[in-house]
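Some structures to go through are shown next.
The two complexes that follow have chain A in common; it is paired with chain B in the first and with chain C in the second.
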Partner chain A sequence: MITPPEVSWIAIAPDLILALGAAVVLLVEVQWKPAARVLGLVTAFSLVLAVGATLLQKLAVEDAMLAADPERLVAFSGMILMDGFAVFSRFALLGATVLGVLTGWRYIEGLGRRGAEALALIMLATVGFSIMVASNNLVMMFLGLEVGSIALYVLAGMSRERPESDEAAIKYFLLGSFASAFFVYGVALIYAGTGKLAILDIRAFFDQFIVTSPTVIYIGIGLVIAGLGFKVSAAPFHSWAPDVYQGAPAGVVGYMAAVAKIAGFAAMARILLTALGDLDSIWLPIVAALAALSMFVGSTLALVQGDVRRMLAYSGVAHAGFIMTGVVGGETQGILFYLAVYAVQLLGAFAVVVAVSGASGARSSIDDYRGLARRSPGLAGSFTVLLLGMAGLPLTSGFIAKFGVFTDAWNSGYEWLVVVAVLASVIAFAFYLRIIVAMYMDEAEEEAPALVPTVRWVVGLAVVATIAWGIFPGSLLDLAANALAL
Partner chain B sequence: MTDFLWLIIALPLAGAVLLHFLGRFVGEPLSGWLASLASTSAFVFALVAAWPFIQGGEHSTTVLLWEWMPAIGANLELLWDPLAALMVLVVTGVGSLIHFFAIGYMHGDDRFDRFFTSLNLFMASMLTLVLAGNYAMLFLGWELVGLSSYLLIGFWFTRPSAAAAAKKAFVVNRIGDFGFMIALMLVFASFGTLSYAGIFERADEVLGVGMATAIGLLMLVGAAGKSAQVPLYVWLPDAMEGPTPVSALIHAATMVTAGVYLIARSSAIFEIAPIASTTVATVGAITALWAATIALAQRDIKKVLAYSTISQLGYMFLAVGAGAYVAGVFHLMTHAFFKALLFLGAGSVIHAMSDEQDMHKMGGLLKKMPTTAITMGVGTLAIAGIPPLAGFWSKDEILGSVFARGGWFSALWIVGLVTALITAFYMARQWVLVFLGEPRWSQDTSPHEAPRVMTIPLIILAGLSVVGGLLNTPFALRLERFLEPSFEYVTLQNPPEGLAMFAVLAGLSVMASLVGGGFGYVSYNRPKQRWLDFEDGFEPLWGTWEQAYRVDDLYGAAIVAPGKKAAEVAAFGVDLAIIDGAVNGVGSAVRRLGELARSLQTGYVRNYGVLFLGGALVIVIWLVVGR
Partner chain C sequence: MIVSAGYYMALAAALFVIGALGMLLRRNVLVMFMCIELMLNAVNLTLISAGRALNDLNGQVAVFFILVVAAAEVVVGLAIIVAIFRRRSTASIDELSELRG
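What follows is the complex of A and B.
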């Protein structure tokens, strides 16, 4: 007898709303060809509804936790989880989407009739990644990963008239498919070894059994780590990042980078910490090695970049290493806090890039930033705060995020990794400083860049968040601490 | 009163923010006066807040501004104790005088307002460092000081040498910072908190000797970077590329003393790590002698003072390493007076000589600029250790305390005494070369006395250099009583008791000063050819000194060149990061873009794929074979 799957609309409500929103945007565009503003309003409306739905989810989670009935949070016959971890990650994704749309608004408007496509793709990417962070099943996770990734490949190539944009899209697509193949093959091998696909079942499996010939599972773990390592641009799977960050339209790069990192790390935490928590002696050394490599490669290569977008890409590699240090530490609080903080800083930084170098141009040479402090002191000051936040200066959110993951890793016995991380932070300070110095020390006669209001909001919000979470980290830390995975 | 302590940091910070946004509208000289006002009001405020300490009997207080992360002892809190008070008074007091001086010195610079923005930012950073109530805030100040000093050293960024100097200072300091950050991680791992109170009270229970030594030595690495000790001192001479007021403020009076302050503040940890303390003292003694010999042979008026600063910082390290914390901080204070004076005096000379810094091209300036000459003369006597000027008392206390420690420290005491002799010599040499003898400058320079906004700070600093030492004489240990509450966890090392011992030790060091100074005066107060011959008589030693033992070349060959090579290999070979030519220059890359775009699609994706595959294979093999 076939039992129909139980349906729990609330568990996927945000995703449904956004998917519908994407469909509406496309249909409205076809039917009425309205002004871009109208489509923007539809998008905004969908995002607001999705945020509202996620808030409802949060209440449901709290209810279930109070009632000590976590079973309630497993939906669709164990396919989807609506736990605190998923809710926090969703909030982060939605926040990144809002900031991303605002940053790219001028660019999306400028795409004319294809602006609707960009908006729909952004929403669909968020849907995919949102499914990914909430899935309890590795196949479901893969589905989410692909929905999100394919939307991002297309977004990367939206600026058809520029060869670099095509270039970035094709590169991202080819390598991304390659990585997805690794991931799905790894999933298959884990299934072959355990006979399970659901995260919670795999955990239960390892609680109950000791596997005598685990080679297949080990290979599976390695391939899954490689596949996700690509999504979060961890070394040595990072080589696409600088080219894509530089080639893709500036207006959407920040969004692309942020959501891929959030979803990739959320999935990594679910698979490694939850499903494979009992095998941590197996994967910890690997993740620690990748973390060290990423921090080292990212921070040293960022030093020699002459282009701010490439520099941010390599700094993203280093940050992937820092977050992996948090994975080694094994605390979801540290990971989630870091992700939220970094996503905001990254989006803010790319908003500055958009303001200085334009939303579609491929080049954002450090020369463009010379003398920015004179031309536009507010923008330069904001960028300084964001860069110092990424560098992890105390009183910025970056310091607390770094301190958290360092402490976690130290407590789990990986002191050497913390030493590497500190060394990487020491080096990383140098390339952030390079940009700051260019802004403050060099003079240029160019006119101040005209700020698009939406970009200004993003920059302002990111700066406020960086400082506020740096000085008053309590509320976000509590949120992250309560965002436990089942 | 202490409720408003945060104003001490907030005032210069407000000045910096204000000038950042409005500087270009305010212009010269108003922005300079605004910055000076911010700094001076911080000083006045600090003086009022410190008054209870000066009167005695007041306890240290911790002012909690905001519970930042109470769980790890990292709150926004200020520790207001005598040590912090003294540091704040020195920083704001000397700093304000330098601000005023800079109004005159920076006259006519295109970016006059930007200079004062950075100067105020630096003040706020340094004050955060010394007022911090825990290591997290200290770290904040530490990083910000590095940042703002970078901006100031590289202020004249259009000169390649200035940009290079700023970079060098930054890189060398980062080496030190690495040690410091690891030290902080160890502290946190041991104590579970970063707050001073939580650490120092329990230090002897929690820390084993091994851990305390590790922390102490790592802190020494950090301190050696900031305070320019061997082997990390190489950035400071180059940092003289910054405007002279910057040299006076950062590289004499304030930032470079941060390392001394760090060790003094962490005295409770060093107390249980005798090996670390002895290393501090030894590094200090070596640095003192090493830098003094280099200072002997410098021709650049600022380079003499730079190496002299390194040498004097060595004295301070010697003192705090020997457990004579009060003596070390005392010398920090007196040194701030006379070294700021000497730097500003040098600035006045350079200003008058139309940016000439070579002492061979000076001479006979006494008549042209008497105020500068006399005040600098006072500074020279003070640093040489001639009683009763400030330097005599502080240096003598250091040497006496080190002597009293005995054992290994007796050797360090001899090094200190020899350094005193050399110090007196090179300072006499400098003053004579600049102010006496025949004018050696060309006809078209017309030296003139500096405007009053520059000379008044000189006069005030000269006054402080005369009387500053009276704060702590063996006859009245005022400073020691003042500072004692800050060193409650340690047994302070003092000079030997008794007037007879004082007379003997003081006599020895005065003799060293007089011999060195007199010899310097006699050797250089004669025609140029004679003292050139005199210097040649010391070859090849003199040349080695003049080229600072060629340490830069050594570092260049041993560290910088291989490092560059490695970076190139990483960038060009391993990571293919140069495919767009970004490293080689963006301009050309833009032009070649179209052509590159084609090659990208065909070739590099494959390379990326191979890299990916390789990485995945290594992981899988590790997982399978490594078990």
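What follows is the complex of A and C.
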């Protein structure tokens, strides 16, 4: 007799909704060629439904936790997990998608008939990454990673008018696929060493057995860390990031960077902390070294950049180091809180870049920002808050986030890493201040940039979130604390 | 003569290293792209031989998924390469250097 597999639709409901939304957008475009606004409404509707489905998931998780029945959260024969960790990461991904679509709306409209493709690709990238953060199987995780990454490669190269966009796309594509190959080879070696592909099975395996010849597994762990390090642009695997951030259309770069970081770190936390928690003596030194290098390289190279988007890319490298400090600390609360806070700040910062330099332009030299405070004080003030938030000034969310990951790392015995991290934060202050000084101290040359309403909402929301989570971080901290992996 | 799984995995490791080195050393975009395919196929060989040695189907099934992903990557990668070639008539990565700093 064949027993039908148990299907728990709720576990993948947000992904199904978004995939369906992407299909509808493409089909509607082919059939009726409607105005961009209509497609935008379909996208907004799918995103709202997906957020609703994620809320239902959150309720289901709470139910299962109250009933002390975590087995209920394992879906599709152990392929997908619907634990608090996945739900929180999904919320972060969906939030980043909403802000990303709003930021890039002018650019997507400007693509004309290809705007539908951009919207569909954005939704599909979110589907991939959201599968990735929820997967319990390493091959499933690889599939999610690739669905998301391949959509992002296309997004990076979508503006055909500019040669830089092509170049960004091919660099992102070659290095991204290279990284994926590393990741999946690491998965294959871990499988060869343990005979397991499911994350919970790997944890059970290491709880049960002591591996006598673990070299293959160690190489596998190293390759997995390298592959995910590429995706989150940790040094020394960051060389693609500045080129892609600068070359890809500004309207979607913030989105691309934010979702790749959220998903990459969620996957890294799940693999290292859950599956390989017992082998932490192996991976802790590697991750700590990468974290220190990223913070140092990112902060110092950001100092010498003349382009705001390249500078944000190197600041992203430094932030990857800070989040890896949280991975060393071993607490998912710190990692998730940092990811949510940083994603909002990054999207807000890129919304400012879109407002100042235009949604498709490649040049966003620091000269464009000179005297911005005279031309449009609101925009300059918002950018200042966001940059100070990224720098981690007290009373901004960045401070709470940094404080959290530093404390975790200190408690797990990596004092030297915290010292490096604090030094790197000080260097980082310098380059954030450089932009702020340019905005306030220099004379204005050009006219005030015209603000698109959707961009204004994103900037406003990011500023409010940065300050609100800096002064009252309690609710988000509680959410992150309850977002436990199974 | 029976060849044990270890030899296949060693072959796969060699293929992977050749692919990775090619990716780092070659300058033609198409060749770099082929090197990525070589790396993915090394992964497939590892999974198949490990699955066979462990008497476990999971590893062999995983290969199908990786093949599909590789095919999807080919589609997108070739499209990007064609777009670049139309504009510049070159496939050398060294000439793609407008983004610097």
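Here is the rule we go by: the second predicted complex is superposed on the first by the 482 of 486 C-alpha atoms of A that agree within 3 Å, B and C clash if a C-alpha of one lies under 4 Å from a C-alpha of the other, contacts with A are read in each partner's own complex, and residues count from 1 in each chain.
Keep this in mind: contacts are C-beta pairs under 8 Å (C-beta built on N, C-alpha and C of every residue); 3 or more make two chains touch, one makes a residue touch a chain.
Keep in mind it's a predicted model, so treat the numbers as computed, not measured.
Of the two partner chains, chain B is the only one that A:225 touches; chain C does not reach it.
In the superposition on chain A, contact is made by A:215 with chain B only, not with chain C.
Using the contact criterion defined above for the overlaid structures, shared-chain residue A:164 touches chain B and also reaches chain C.
With both structures placed on the common chain, the touch criterion links A:37 to neither chain B nor chain C.
Once the two complexes are overlaid on the shared chain, A:246 sits against chain B and chain C alike. Comparing chain B with chain C, the partner in contact with more residues of chain A is B.
Of the two partner chains placed around the shared chain by superposition, neither chain B nor chain C is touched by A:113. Of the two partner chains placed by the overlay, only chain B lies in contact with A:303; chain C stays clear of it.
By the touch criterion defined above, A:174 lies against chain B and chain C together after alignment on the C-alpha atoms of chain A. Applying the stated touch rule to the two superposed structures, the overlap between the chain B and chain C interfaces on chain A comprises residues 163-164, 167, 170-171, 174, 178, 242-243, 246, 305-307, 310.
Every residue of chain A that touches chain C in the complex is listed here, in rising order: 139, 142-143, 146, 150, 153-154, 157, 160, 163-164, 166-171, 173-174, 177-178, 180-181, 184-185, 187-189, 191-192, 195, 197, 242-243, 246-247, 305-307, 310. Taken in their complex, chain B has these residues touching chain A: 20-21, 24, 66, 68-69, 72, 74, 76, 110-111, 114, 136-137, 139-140, 143-144, 147, 150-151, 154-155, 157, 166, 170-171, 174, 177-178, 181-182, 185, 188-189, 567, 570-571, 575-577, 579-580, 582-583, 585-586, 590, 593-594, 597, 600-601, 604-605, 607-609, 611-612, 614-616, 619-620, 622-624, 626-627.
Residues of chain C that touch chain A in their complex: 9, 16, 19-20, 23, 29, 32-33, 36, 39-40, 42-43, 46-47, 50-51, 53-54, 56, 58-59, 62, 65-66, 69, 72-73, 76-77, 79-81, 83-84, 87-88, 93, 96-99, 101.
Within the complex formed with chain B, the chain A residues making contact are 163-164, 167, 170-171, 174-175, 178-179, 182, 215, 218-219, 221-223, 225-226, 229-230, 235-237, 239-240, 242-243, 246, 282, 285-286, 290, 297, 300-301, 303-307, 310, 314, 362-363, 365-367, 373-374, 377-378, 381, 393-395, 400, 403, 406-407, 410, 415, 418-419, 422-423, 425-427, 429-430, 433, 436-437, 440-443, 471, 473.
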